[in-house]
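Each structure below appears as structure tokens.
Below, subunit A partners subunit B and then partners subunit C, in two separate complexes.
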Partner chain A sequence: MEPVWEWFRWLYDAHGIKLTIFFDEWDRGRFLNGIWTTIHLSFVAILLSIAVGIVGAWLQMSYLVWVRRIVEGYIQFFRNTPPLIQLYFFYFAVDSALSDSFGITGGVMGSYGWAVVSLSFFAGAFNVEIFRAGVEAVPRSTIEAADSLGYTRLQVYRYVTLPLAFRVCLPALNNNLINLVKTTTVAYAIAVPETLYISNQIWSDEYNVFEMMNVVWVVYIVLVGCLVWFMYRWEASIRIPGYGQ
Partner chain B sequence: MNATTWSADKPIVSLRDVHKSFGDLEVLKGISLDVMKGEVICIIGPSGSGKSTLIRCINALNDIQAGSITVEGQEVHDPRLDKLELRRKVGIVFQQYNLFPHKTALENVMMAPVLVLRQNRSDVEDRARALIRKVRLEGKEDNYPGELSGGQQQRVAIARALAMNPNVMLFDEVTAALDPETVKEVLVTIKELAAEGMTCILVTHEMGFAREIADHIYFTDGGVIVEHGPPATFFDNAQDPRTQEFLSQIL
Partner chain C sequence: MLRKLLSVGVVTAAFAGGTALPASADTLANIIDRGKIVVGVKADYAPWGMRDADGNLVGMEHDMIADFARRLGESAGTPIAVEKIVVVASNRMQFLEQGQIDMFIATMSNKPDRREVVGIVQPDYYSSGVAVLAHKDSGIDGWASLEGMTICGIQGAWYNKDHGLKNGAEVVAFKGVPEVEQALLDGRCVGWIYDDSAFIPRKVNEPEKWMDYEIATPTVDDVPWGAAVRLEDVDQPIGKALSAAIIDWHESGLLIELEAKWGIPPTQWLVDMREKCLADDPICNDVYDEGE
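Here is the complex of A and B:
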């Protein structure tokens, strides 16, 4: 890789384009860590938000009115408030409230932990709605067939409703997960060392805002591109021959 | 009569004065009938006469407001009833097949015995393959429902219901959605089943088939049984004017 780094040093020397993240080892290290943090944060929040969506959509079919109301309240709250405020709420208010009531000094979780929680709840609220739309698209008669074979409600959901609902709602889920990856940048506000936060540190140290802004664009385009590619592959791999085409 | 006192000389399915309403609309207005083990009965009648509702009440897919339905002496609409116990005894095949579209033919047949009855997977697979051969779909085991014709899907649905080893089979207008040329293959399958001694309750519009296969025909109209009898008497010597009119329109 040395010649590549040298080329970027030459680019700076000859043309003044200052991409220190390539030729400066310290900047390179922290920038890669920033990208890794973004990937990590996105990945964990994606998985948790999908879990929230699956469980939430199940609870919305509950016979108990108050269970459905709690889920509905959760959705409305997290869908209609800014993610940055949600993040502050968890990091500052919830953390200190929990610390006080359980007598924990130094906070319950660090900024990364609260970013995961906050983003999972944020994207999860949308996922519940997305999965519910998928669940409602599964024909009543298919569920009835499972019912007539003696499946329990949970078995019907797990083996029939959910696999079919998933295929219906993948495009909408796709959108929401892209949105989630982009929203991880709010973690900047509570000093999670993700891509944007690190980039800001670098451009403050190196006075190369213009270069770093372009790098940040590229990083997010590539990250979201990978996610989209993966989701399309997934969609194709679970396509059922002769169904829904 | 309860389950412990039931014996094969008593009706396996028995309906007594069954009433069923959807809201204000009363669909079944006092239906009574008995089915003995190994008997094949056909329920015929005009659309909207409550035939499908009737058959769906027998395995508790629909509830009833009054009366009694027993299967092997067990009250179906007893809230304490173990639904799983009922549903392993009573299989149903639907008009629209209702296969699981994301599972292959073989998996459709295997799922319930594995998940619901918790039977050994490889035993279930052997039985499922045998059932698929029985409904003449050998070679289609790994096809998805979307790759099969209506008649083939319906035969998978029959195999799926049989995989639970039911004592009674319900057929709810199983040929109504099929192309004329595939109706026959499904009827042949049902006929073989009946010949093996399976207790069958069919809702059907196939009069020729009903005449050939049924031990007893029930004609329903407006939520009541208007007339019933063995096929020969029923078709050739119908007494009630409503039956006569219905038969004259379709025969």
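Here is the complex of A and C:
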């Protein structure tokens, strides 16, 4: 790899394009760590937010009015507040309150932990509504048919409603998950060392704002591009001929 | 429309010229004529400039200003009163340019772009730099001890890397000072890398809140502080008188005494400057040289 790094050093010497993330080992190391942090933060938040969405949509169909109200309250709380404010709220307010009541110093969770919680709940609130739209699109007669075959309510949801609903709501889910990956950048406000945070540090140290802005832009295009490609592949692979399309 | 805009511009320019007029006269002669000097001071930067419990403006810089007025009075043979105008970082240079004040001593770093706007007299009178404020149980004592420590910082500060990361610390950087304070007091980090002159007011103003925190490293990368007169006054009698006073403050050790009086931790910079001034080092003359 050494010739590649040297080429970038030449690029700087010859043309003043200062991409220290290639030829400076220190910057390269922390930048790769930043991208890696973005990837696993996104991955964990995606999985948890989908889980929240599935459970939330199930609870929304509950016979118990209070369960439905609690889910509704959760959706309103997380959908109607900006993610940055939620992050600050969890990290500085909720964590302090929990630490005080349990007598813990140094915080209940680190910045990464709170970013996962906050982003998962944020995207999860949208996912509940997305899955609900899918669930409601499943024909009543299909559910009655499953019912008459002796399925329990959970079994109907698990084996009939959800698989069909999933196919209906995948395009909307794609949108939300793409947004989630982009929203991970707000985690830099609570010092999660993800791509934007590290880039900010690098351009402050090296005065290469212009170069790093372009690098950040390319990184997110590639990351989100990979997610979109994967989601399209998944959508195509679970397609039921004649259903939906 | 264009003509109207132009005429507004001419009127504004006339006004600006009008208010700047007093600057062109001999400022020192004016001060002696009216028997008072109008000085820009800080009230928000304890203990350099602050209000005491009775609301009076006090602090290290206020003592320096009182001493300067006494000197002016002695050489003029008539007492000179001090009228203080409270300034903040964002308006001190404008107040001076517009003639609302004759000079200021207001915790200002001596930076090249500022020397183009106001007349920063030489030599500088104080200096601040980068240090770490740490919890007393953190085990931080000196820069080398940062290895493996989690310390807080401000996003974008150049010294996070040079003095934090390169010393082996993990720097957790936030957007602003309030977030850092919260994180530090919550115990999310054991120290805070920042400007040392920002730590001292916290210790002075809120001793209980910062009881467990001490400045745990020597100060590095000093930036000196300068007193200022109007740009055209820097080589006039007022500028020269202020320079002479600052040189004498260094030589007599007054600045070191005031530092101790106001509870500011001793700065090596002042000790070094005193030695240089006593040895007639050119850094201690009234002219700014490249690289000073």
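The criterion applied here is as follows: the second predicted complex is superposed on the first by the 244 of 245 C-alpha atoms of A that agree within 3 Å, B and C clash if a C-alpha of one lies under 4 Å from a C-alpha of the other, contacts with A are read in each partner's own complex, and residues count from 1 in each chain.
Definition applied: contacts are C-beta pairs under 8 Å (C-beta built on N, C-alpha and C of every residue); 3 or more make two chains touch, one makes a residue touch a chain.
Note that the coordinates shown come from a computational prediction; the quantities given were computed from them, not determined experimentally.
Look at A:Glu144: by the touch rule set out above, it reaches subunit B but stays clear of subunit C.
With both structures placed on the common chain, the touch criterion links A:Glu6 to neither subunit B nor subunit C. Once the two complexes are laid over each other on the shared chain, residue contacts for A:Glu25 go to neither subunit B nor subunit C.
Contacts of A:Gly106 after superposition on the shared chain: subunit C is touched, whereas subunit B is not. Against subunit B, the residues of subunit A that register as touching in their complex are 139, 141-142, 144-151, 155, 159-160, 163-164, 167, 240-244.
By the touch criterion given at the top, residues 59, 61, 83-84, 87-88, 91-92, 94, 96, 98-102, 111-112, 115-117, 143-148, 157, 160-161, 164 of subunit B touch subunit A in their complex. For subunit C in complex with subunit A, the touching residues are 155-158, 160-162, 172-175, 179, 182-183, 186-188.
Residue ranges on subunit A touching subunit C, taken from their complex, read 92, 95-96, 99, 105-107, 110-111, 188-191, 197, 200-201, 204-205.
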